[in-house]
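Structures incoming, each one as C-alpha cells.
Common to both upcoming complexes is subunit A, partnered first by subunit B, then by subunit C.
Presenting the complex of A and B:
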C-alpha cells in the first residue's frame, strides 16, 4: 500500500490495518523475529494516521495516541516516543490517557534500566537513545568501514 | 480446530454462563476439518484465536457489539468494541479443559485495570465442555 493510500484511508480502514499490524508485531515479537521493530513501526504509522482523524478526548482517539507512543517504544524508538507523547499531551488528552502515557514511558524506562544496567546506574541511558537515533538517521558506525 | 481437537463435532451445544444473565445455550456450527495438524498452528495460539472467534460472535449476539479494533498490549483488554456511541473493552481467554473459572478470574483481574472504556467485559471459552463464561465490570 502506498503512502498516499494510507493517508487517505478512513477510520474503519485504519482500524482494520492497525489491528492486523498489531497482531503481526505481537507474533513476531513472541518469536524473537528480527523484523519485529519494523512491524511495530508499521503499527505506529497507522496509529499516527488514526490520531490525525480522531479527537484526543474520544476513546478511539485516546487509544490511537497511546498506541502510537507504545508502538514507538516497542520499536525501540524512545526519543520518537517522547516527542509523540509531548505532542499528544499538548492536544488535550483526558487525564486517564495522560496517566497511561506516563505509565508506559516509565515502564519502558525501567525495563531498559534493567537491560542496560551500567548505563542506567551511571545516568547515561539517554546517551543510548541519542546514539540509536543517530544510527537511524546517519550512517554512523561503531567501527569505520575498511576503505 | 480447537473444538474438534477437544473432541467435538459440528454443530455442538455450548452452555453460556454470563453473570447477571439467565443461563442459556447456543449451537456452535463450523466447517469440520478432515485432519488437524498441530504443527500448523501452535497449541496456545489455536486456543486463543478460537476463543476470540467464539467470544466476539457471542458478544455481538448478546449485545449487538461490533469489533472496532484490536487493542495494544498494555491496555489490559484485547479488543475495543462499538455499539453506536458506546464503547466496550473486551478481554478474552480460552482453556482446553472444562473449568474456565480460574481463567475468568484472571481475565477479570486484567480487565479491572483497563481504564480506557467505561464498559468492560471478560469472556472465557472452555473448549472441553464447551462453555462460554462471561462477566461485565
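Presenting the complex of A and C:
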C-alpha cells in the first residue's frame, strides 16, 4: 500500500491493516525472523496514522497511541518510543493510558537490564540513554555514531 | 578504572606496539591492567602480547574475543559468554605485583574469526542493529570493571573515522592517546578527529 493510500485510509481500514500487521509481526517474532523489526515498524506506522484521526481520550485513540509506543519498542527503536510517549502524554491521554505507557516503557527498561546486566547493576543504562539522546541532537557528525 | 584509548587516523604509526608496551610497563609497575583489542578489522594485540602459544590458539580458531562477545550479546543468544572465557592472563616476570590480561579481538587470522566478524557486521546492519553497538561496548567495559577490578583498561582503537573507533574514543575512553606521523593527510585527518572529540557529549554516570 502506498503512502498516500495509507494516509487517506479510514479508521476501519486502518484497524484491519493494524490487526493483520500485528499478527504478522507476532508470527515473525515467534520464528525469530530477522524481518521482525520491520514488521513492528509497519504496525507502528498504522498505529500512528490511527492516532492522527482519533482523539487521545477515546478508547480507540488511547489504544492506538499505546500501540504505537509498544510497536516502536518491539522494533528496537527505543528513543523513538520515548519521543512518541512524551508527545502522546502532552496530547492529553487518560490516566489509565498514561499508566500503561509507563508500564511498557519500564518493562522494556527491565528487559534491557537482563540483557546488559553489568550496565544495569552499575546504574549506567540510564546514563547511556541520556548520552544517546544528546548524541542524536548533535549537528556535527564526524563519527557516524559517536558524534 | 581509568580507560585510555589509543587512536591513530592512519596506520603504521606503532599504535598497537605502544598499547602493548604501555600495558606491560603499567603491569610491571604494580598496576592491574586489561588490554582490549578493538581494531577488529586488523587485530594484532595478541601477536604483540601473547607470544607463540596465543598465536597458535588464534590460528587454530580457539581464541575467543571481542567479536564473539558482541555477537552473543547482539544476537540475543541465550548462551552469553563469560568474560573469564575471553580474558587471557599474560605472564609477567616473577615478583611482579601487577597483572595483565588481554581480551583479543578473536581468533584472527583463522577463517572462523572473519566469519564471526562478518556475522557481527550483518547484525549491525540490521535495522536498529547499529544503535545497539554503544550498549554492547559499554556492557563489555562495565563487565571488565566488575569482573577484574583493573586500575587501567587500555583500548587499541581502529584507524580512520569509523563507528567503532568513534565509540572507543568518545564513549569508552576517559583519555585518548592520539598518534600520528607527519604526512599532511595524517595531520589533517587527525585534526578533524581531535576537533570532533572536543565536541562529543560525554557519558554522565548517575550514582556511580
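Methods note: the second predicted complex is superposed on the first by the 122 of 147 C-alpha atoms of A that agree within 3 Å, B and C clash if a C-alpha of one lies under 4 Å from a C-alpha of the other, contacts with A are read in each partner's own complex, and residues count from 1 in each chain.
One rule holds for everything that comes next: contacts are C-beta pairs under 8 Å (C-beta built on N, C-alpha and C of every residue); 3 or more make two chains touch, one makes a residue touch a chain.
Bear in mind that the values here come from a model prediction, so they are computed numbers and not experimental data.
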Discussion item. Once chain A of both complexes is superposed, is A:100 in touch with subunit B (first), subunit C (second), both, or neither?
Written reply: first
Worksheet item: So which one touches more of the residues on subunit A, subunit B or subunit C?
Response: C
Discussion item. Between subunit B and subunit C, whom does A:38 touch in the aligned arrangement: first, second, both, or neither?
Written reply: second
Discussion item. So in the superposed three-chain picture, is A:116 touching just subunit B, just subunit C, both, or none of them (first/second/both/neither)?
Written reply: second
Item to complete: Look at A:22 in the shared chain and tell me whether it touches subunit B only, subunit C only, both, or neither; answer first, second, both or neither.
Response: first
Discussion item. Going by the contact rule set out at the top, does A:127 touch subunit B (first), subunit C (second), both, or neither?
Written reply: second
Worksheet item: Overlap of the subunit B and subunit C footprints on subunit A, residue-wise?
Response: none
Item to complete: Would you pull the subunit B residues touching subunit A in the complex into a rising list?
Response: 45, 67-75, 80, 87, 115-117
Discussion item. Residue numbers of subunit A touching subunit B in their complex, please.
Written reply: 15-16, 18-19, 22-23, 26-27, 43, 59-60, 62-63, 66-67, 70-71, 96-97, 99-100, 104, 107
Item to complete: Spell out the part of subunit A that touches subunit C in their complex, as residue ranges.
Response: 34, 37-38, 41, 75-77, 79, 112, 115-119, 121-124, 126-128, 130-132, 134-135, 138, 140, 142-147
Item to complete: In the complex, go through subunit C and note every residue touching subunit A.
Response: 73, 76, 126-128, 130-136, 138-139, 142-143, 145-146, 161-163, 165-167, 169-171, 192-193, 195-196, 199-208
